[in-house]
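Shared between the two complexes below is chain A, which pairs with chain B and chain C, respectively.
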Partner chain A sequence: MAYRFDFSSLADYTPVLVQGVATTVGLTLIGGVLGVGIGIAGAAARSSGNAPLRFAVGSYVELIRNTPFLVQLFFIFFGLPSMGVRLPEWQAAVLAMVINLGAYATEIIRAGIDATPKGQIEAGASLGMTGPQIFRYIILGPAMGKIWPALTSQIIIVMLGSSVCSQIAVDELSFAANFIQSRNFRPFEVYFLATALYLALAVALRWVLARLGDRMFRGGARV
Partner chain B sequence: MYNFTLWDILSNLLLAARWTVLLSVIAFVCGGIAGILVLLARVAPLRPLRTAMKLYIELFQGTPLLMQLFIVFFALPLTGIETSPWTAAAVALTLFTSAYLAEIWRGCVEAVPRGQWEASASLALSYGEQMRYVVLPQALRIAVPPTVGFSVQVVKGTAVTSIIGFVEVTKAGTMITNATFQPFLVYGLVGLIYFVLCYPLSLSAKALERKLNVAR
Partner chain C sequence: MSLADQSVSPSARPLVKLSNIRKSFGSVEVLKGVDMAVQEGQVVAMIGRSGSGKSTLLRSINGLERIDDGVIEVDGECVDPSQIDLRALRLKVGMVFQQFNLFPHLTAGENVMLALKVVKKQDKAACRAAAEAALSKVGLGHKFDAYPSQLSGGQQQRVAIARSLAMAPKVLLCDEITSALDPELVNEVLSVVRQLAEEGMTLLLVTHEMRFAREVCDSLVFMHGGRIIEQGPPAELFDRPQTPELAQFVGMVEAR
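Let's look at the complex of A and B:
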């Protein structure tokens, strides 16, 4: 094999890569926070007594979980403008990520809520707590603690999935890699580096979320 | 100008959907076979082998499928292998699937009680025999629902191969959009096709899981 690896030509493109990593992190941060927010609201709706609401949220979850993220992204970015909703690239990317994570988070958090012992809810009610108070103070905390590892994995999957946002020209990490390889014609080196950066981001994100989970739901994980 | 009827669009999408299905089946079958090998190495009584397989799984679970595709697409030609989008897509998805399935199945193997290993070892069964006659038959039962569930991820994963130019239903959707200027309709239909492919798999995974929980 005569191929000689040459990573030196990548040095000139450091700012592009830094920008790419920053955008990926930014997308994940916004998408993650809003997506988990939707997940909590969706899970609350799915455990509510309102049948049409439960059905609507259930349809949303199934629709999103059974279609590819790329198609959701294209639908939002290319399809919605014909309905009069025209979003800039990065807003379309964030919206797609939020909608996608929201569906998975709904399902994950609901599993945690379902695992709440009935006696705790009854104990809350007998203390005169209202429904929302029971949800906020009794159900949600332990539920989040229980499902936090699953939610962490899902947030990482969404972060990795954001690589396809390069297809609508969001300047995140894989967009940066595509840009660089179109200039220096060293696709293997560039994609190798980008992949390593994604791996590092995934490891770092897992570490941060584990710390965050310890801090927020300490004691909650123990049932 | 030629006007595209709804049927023109739908029939072309369905023709392209054949490739989505075929690629999914190839990736799932080949990934399953490779996954068994990875699994056997991942739980083998040989530490370096276990560590290597752990890294393999970490690598594929910690990087985007898109990057895996690009690397296979650009790296294989360097070794002298002619790479079409077809080969690159099939190879990358097979590796991706094998890593995830091996990890899913590892959980199932570890769910088999330790005593089963010890009992079979005390009967002088070798590692291969323990796996074949004692552990795998029990692990297989609990492995079916999550495996069916993961097949949905494989079908959805094939959408990303459109980016390296493999013409499956997403790529066909993009091409048809460029001709008809009806992205809302076309991508809506593309999404619907994926839903029709994936939803039965999701439902059967859920049903299998329920059946398993009742049986226990």
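Let's look at the complex of A and C:
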């Protein structure tokens, strides 16, 4: 095997790679924030006393968790236009990621909510707090603290899964890699670099989320 | 003898009035029509074996247990089984629990301030002042910034008492508040309760601390099988029990 590695040929494509990384980070940031937001709302709904709402959210969670992300993405991007909803690639990708993470986050956060000692809820109620106040001030913080490591892993899975969005021509990192290797015919070098970049992004994201968790749910993690 | 007309003029309206309270868990009736009245400033302990319904009765007074029948009246706030809005009632009734139930992600001070902020909508400075005063009252002014995990059980329970007191309730319910404590920590909590009693706070306790009940309470209520079967001044109940159930209970606890 006399293959000669040539990473220098990638230099010309630096702007493409930078764009790819930026798009991946952007998708993850927006998808992560909105997805966790939906997760909190979904978990609150699943813990509520409203049976139809619980059923609706439960159906959403099971639908998303039991179908592939690629199909969900294709449904939004190729399927919805038949219903008159035509989204640009980027928006379709964000929507798919938000819906996907929202379902997993709902289940993860609900586990944290279920772990709240009943006595703390009673203490809040006996102080005259309303249900929503108890959720916001007593339940949510410690619940998020408890499940934060699991949620962090899920957010990273969604970031890595965003590579699937290359299939609808979103110019994220995998799309950039595919594009470059089709031009310079250096798939090993290109995918080696893409792999390294994903790894670096995942490690960095895990670090950032760990710091964020410490700051936001200080006491919660300690119990 | 009736609880309502002890040491207070009969014309005074009771602060807490329970009429015909009934409650079942499934097919088991745990409260079988309980009537009870507590005057302002009275300290009343509910005693009885476990399963006699005393904790359930206490918890029904601030709506933590939904009653099936009867009426609960606290300082003019009426609650019947429909229990539509309990918040007005809960502003008048404080509660301290066996397991403390402090919020673990908040400091002692924040535990006390939370309801002042979100329920009473007091501003920051007022919340802080009230919390500092309440914590000082239970001897924990210096623990304002400590988290519950950094406090002993006795200290946690005193913070829980401060948290209830800060809301300025008309009556404080204490549900076996020393039962989860190591023996050497019981007294620091009881002395806080004793101090509250001396200051004229209306207190309703479920307790197994018979000596404390005897020394501090104006009146005892003995529950058995979901009913109040004897009530009156502690000395009378302990020394001259009228029913075999109470005689047996007194014998049991005094043998310990």
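Quick note on the criterion: the second predicted complex is superposed on the first by the 223 of 223 C-alpha atoms of A that agree within 3 Å, B and C clash if a C-alpha of one lies under 4 Å from a C-alpha of the other, contacts with A are read in each partner's own complex, and residues count from 1 in each chain.
Throughout what follows, a residue touches a chain if its C-beta (ideal position, glycine included) is under 8 Å from a C-beta of that chain, and two chains touch if they have at least 3 such contacts.
Worth saying up front: this structure is predicted, and the values here are computed from it rather than measured.
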Overlaying on chain A: chain B and chain C, fit or clash? fit
Touching A:70, do we find chain B (first), chain C (second), both, or neither? first
Quick one: is A:117 in contact with chain B, with chain C, with both, or with neither? Answer first, second, both or neither. second
If we overlay the two complexes on their shared chain A, which of chain B and chain C does A:207 touch? Say first, second, both or neither. neither
Which partner chains sit in contact with A:198 here, chain B, chain C, both or neither? Use first/second/both/neither. first
Under the stated touch criterion, which partner chain does A:141 make contact with: chain B (first), chain C (second), both, or neither? second
Greater residue coverage of chain A in the superposed arrangement, chain B or chain C: B
Touch test for A:125: chain B only (first), chain C only (second), both, or neither? second
With the two structures laid over each other on chain A, which partner does A:7 touch: chain B (first), chain C (second), both, or neither? neither
With the two structures placed on a shared chain A, what shortest C-alpha distance in Å links chain B and chain C? 24
Flag every residue of chain A that touches chain C in the complex, lowest number first. 117, 119-120, 122-130, 133, 137-138, 141-142, 145, 217-220, 222-223
Which of the residues in chain C end up touching chain A in this complex? 62-64, 86-87, 90-91, 93-95, 97, 99, 101-107, 114-115, 118-119, 147, 149, 160, 163-164, 167
Touching chain B in the complex, chain A uses residues 1, 3, 62-63, 65-72, 74-75, 78-83, 156, 160-161, 163-164, 166-167, 174, 177, 187-188, 191-192, 194-195, 198-199, 202-203
Quick one: in the complex, what on chain B touches chain A? 58-59, 62-68, 70-71, 74-75, 78-80, 152, 156-160, 162-163, 170, 173-174, 177, 182-184, 186-188, 190-191, 194-195, 198-199, 202
